[in-house]
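Some structures to go through are shown next.
Look at the two complexes coming up: chain A is in both, with chain B in one and chain C in the other.
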Partner chain A sequence: MKSFSSFHPTILFLYYLLVIFISMFTMNPVILGCSLVGSILFFSMMNSPRAILKDIIYYFLVFILIAITNPIFSHNGETVLFFLNDKPVTVEAIIYGIAIGTMLIAVIFWSKSYSQVMTSDKFVYLFGRAIPKLSLVLSMALRFIPMFKEQIKKVNQVQKTLGLYSSDSITDRVLSGIRVLNSVLTWSLENAINQADSMKSRGYGLKGRTNFSLFKFDKRDMTILIAIILISVIVVLGFAFNIFEFYYYPAISILKLSRVGILEYIFIFILMILPFIIEVKENIHWKLLRSKI
Partner chain B sequence: MNDKKIKNIIIIILIPLCIALGVIIFKDRKYNLISMIIAILSCIPIFLTFEKGETSTRRIVIIAVMIAISVAGRVAFTALQGFKPVAAIVIITAIYLGAEAGFLTGSMSAIISNIYFGQGPWTPCQMFSWGMIGFIAGLPFMQKLLLKNRVVLSIYGIFSGIIFSLIMDIWTTLSIDGIYNMKRYMAAVATSFPFMAIYAISNVVFLMLALKPFGEKLERIKIKYGI
Partner chain C sequence: MKKDLLVLAFIILLISILVSGTKIQSVDEYYLTHIDDITEDSETVTISIRCDTILDNWDKLSPELKSEKYVPKDGVILKKTEYVLRSGDTVFDILDRAVRHNRIQMEFQGADKNSYDSVYIKGINFLYEFSCGPLSGWMYSVNGKFPDYGVNKYKLKDGDVIEFNYTCNLGRDLGHSFK
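And now, the complex of A and B:
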């Protein structure tokens, strides 16, 4: 089920902007942890277990690499563990590496689910009015790519049958690649001009034309928009009052956990796992409906 | 006139403002976020010129074709590991269609190829570097020079491979350290060196072999349809 992606594109874009910005804005370990958990949970709702496992293992290795290498490049911090080539390896640097690794991987997982949720039609819908020409270029190029790939395969097969460049040497591979691309270019340029003329004759770019779209801003969107705005106001206030302040160098600062602080962290956690909650809720709803049949 | 003002505002005010904010609010430690925002901001002036300018539908479609070719072109070279035609096609487009078209082809190719190969915080940086490779190649004096002189062309191919790799290494450094760490940068450059070499060589090979046939086609379309 993909329930979160059925929200209005504005909501989705706003949400991702907010979440990625918060994750990159702060170094607070609790916020970064929430962001990582939220991004992985939502990503795992959208993909098959195998794909999830593969990605998690790969990024876990990246994470370890960053955490281990940071003390090699950074010698700040006052708690020295040992000396490596006369350079101090500090606890602070290791923990900073862990934090930055968490941030990087959280942002990567957010971007991964972003490209699954914000499909190009939604992007074009959102920005079609503000940047009509660029979004046209984008959507046309996206349509051309599968078409060209198909054509490249066809031309390649035909040329192989003709006996052109069929050996395995590198020169032959390069030459055949360029030859194929060249013929696809000829074919596509003529096609494209036809398309442009046809668009023009149908009045593309004239005033008063409307665009077809399937997206409607309904009650559900309004509710979630209000929720997101409320949470972000609370979070911004938290930043303004330095509740999330956290230092790694020279010594790791202590996490301030006042009553307000805990409340703030709860709100951040809710914000980060919002897409996951929506997916789970929808899944339960679906199962209930099915069990009634 | 108005759009020119907007562009100037973006370059003259917003970018330094962004850096100042980075220094004041983040105490000079959040280079990753700031650099991402600046990369996006620096793409905006050219996007705006394209958006507000008198661009014919035919030209728009040709640019879309070149972007799609640069991304789909990878399929034609799947037998060759690491051989990516993107930068070379961006340069060819720039030589024949101008700086603006070159920048657009480069930056949009970055967005679109990342849709297939993984979008991430590196996208703005990639957009900017491929875009600039196209923009520089499309400047009038560079166009002439690159067309006439094969040596200059191959040097530019090598240059664009190296500069792309170096800029992306800056991204790696900033995103891991949060600030610019020279040692980390050197390590990143060293590890990415083999890719950089393959990239630079493939650029040169591709430019040498494809400039003439691809150029003829673009020239013909330009003359036939008056783009």
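And now, the complex of A and C:
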């Protein structure tokens, strides 16, 4: 099911860094589209269809919100649709809003699958030796929100089973919310101190301390590493030679589609869809093996 | 929880649109302006809009604006034109009338949007502040002098000559220096 996450943590980290950086620092619509498609496809390989559908509907609404908010604040652009309070609402601003929305949601979906693939043990494995304090703080901070949510749910349920604040009135719900939040906040502070203490007592970050981990850098990792590096060099060259140049204001520029340009876009598409391909390949492999039994 | 936040964001957006007013005009309605005819005894002012400094700093200009459509070859966006001065007119009123009459794009920050109570001209003819380097933007002068306050604060007299100039170096290339 999670074949991509079985790769070496270095590769996973490198891949996510590359993909998120490319998505964040360009406004080229083709790259953003590839990134969105890749992130959603990979995310949908790792979750149940219901969870995916719920997420997609929610983020679609966020997307619409961004797309309509941009033309209200941005008035640049040649093609004016109408004037709202003496300010032009332009096609360019709407399309720019759509592009920002695409970028944001692509990065959100990448981050969602990142938190599922790069678990904190992998992160600590990567950076525990070089920057022990920071990596511990980071892994604890990243873990904080899901743990906090879980604990709130638990405490809330306990309160309900005790028969407290179980009526439907709003004041009751607010009071219970405050009480639960209060207790969970103190719990999380205590938990953080406990965690730090227990790591310290195990000698975390001391000189000469060895780490045990099951991650091995094998042939499969090497091939994928070479592929990622090759593609990223090609993509960076594309950025350097302004192949992905694209403007929204004052008029939307035409996409430059030279032969090299198309090749570059194909490489970007492959890069973005790489984890999805790996998952699909593994699934087919698994089904084949099972059919032989 | 997540859904509530989203609904809240939509409601805030809707309220802010409603509060700020919903005056919708079509493009032609917006540009339809009444220009008084110049008669013998009417008071007039002249206005011109130029962007010559960009031609000297062409390499600093944002690449998407490097077209004759946005930066005319001679640097003249609006040639010297005479407009009738109505009583109480400020520089901003004349500029607004002139650009609407000539269908030139203009974006400004309203007087209620900043703490100086003054209108700020962000861009004319798609040439915005910072379009040509970090020190670029629009400046105005009346009778050759650069006032140090906003366009909506300058009350005009008969015969005033208004010039809007694009600067690429905080007005130094227009012969103005801050004290």
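Basically, the second predicted complex is superposed on the first by the 218 of 293 C-alpha atoms of A that agree within 3 Å, B and C clash if a C-alpha of one lies under 4 Å from a C-alpha of the other, contacts with A are read in each partner's own complex, and residues count from 1 in each chain.
Definition applied: a contact is a pair of C-beta atoms (placed from the backbone, for glycine too) under 8 Å apart; a residue touches a chain by one contact, two chains touch by 3 or more.
These numbers were taken from a predicted model, which means no experiment stands behind them.
Enquirer: Residues of chain A touched by chain B versus by chain C: which partner has the larger set?
Expert: B
Enquirer: Considering only touches as defined above, state whether A:Leu61 meets chain B (first), chain C (second), both or neither.
Expert: After superposing on A, A:Leu61 lies in contact with chain C but is clear of chain B.
Enquirer: A:Lys200 in the overlay: touching chain B, chain C, both, or neither? Say first, second, both or neither.
Expert: first
Enquirer: After superposition on the shared chain, which partner residues are touched by A:Asn211: those of chain B (first), chain C (second), both, or neither?
Expert: A:Asn211 contacts neither chain B nor chain C.
Enquirer: Please indicate which partner A:Ser253 is in contact with in the superposed arrangement: first for chain B, second for chain C, both, or neither.
Expert: second
Enquirer: Have a look at where A:Leu136 lands relative to chain B and chain C in the superposition and call it first, second, both or neither.
Expert: Once the two structures are laid over each other on A, A:Leu136 reaches chain B alone.
Enquirer: Which chain A residues lie in the overlap of the chain B contact set and the chain C contact set?
Expert: Touching chain B in the first complex and chain C in the second, residues 69 of chain A appear in both lists.
Enquirer: Where on chain B does chain A make contact in their complex?
Expert: Result: residues 29-30, 32-33, 36, 47, 50-51, 55-58, 60-65, 67-69, 71-73, 75-77, 79-80, 83, 85, 104, 108, 111-112, 114-115, 118-121, 123, 175-178, 181, 183-184, 187, 205-206, 209-210, 213-214, 217-218, 221, 225 of chain B touch chain A.
Enquirer: Mind listing the chain A positions that touch chain C in their complex?
Expert: By the definition above, chain A touches chain C via 58, 61-62, 65, 68-69, 72, 75-76, 78, 80-88, 245, 247, 249-250, 253.
Enquirer: Of all residues in chain A, which touch chain B in the complex?
Expert: Touching chain B: residues 20-21, 24-25, 27, 66, 69-70, 73-74, 100, 104, 107-108, 111-112, 114-115, 120, 131-134, 136-138, 140-142, 144-145, 147-149, 152-153, 156, 170, 173-175, 177-178, 180-182, 184-186, 188-190, 192-193, 195-197, 199-200, 204-205 of chain A.
Enquirer: Can you name the residues of chain C that touch chain A in the complex?
Expert: It comes out as residues 2-3, 6, 9-10, 13, 17, 20-27, 29-30, 63-65, 70, 105, 107, 123, 126, 128.
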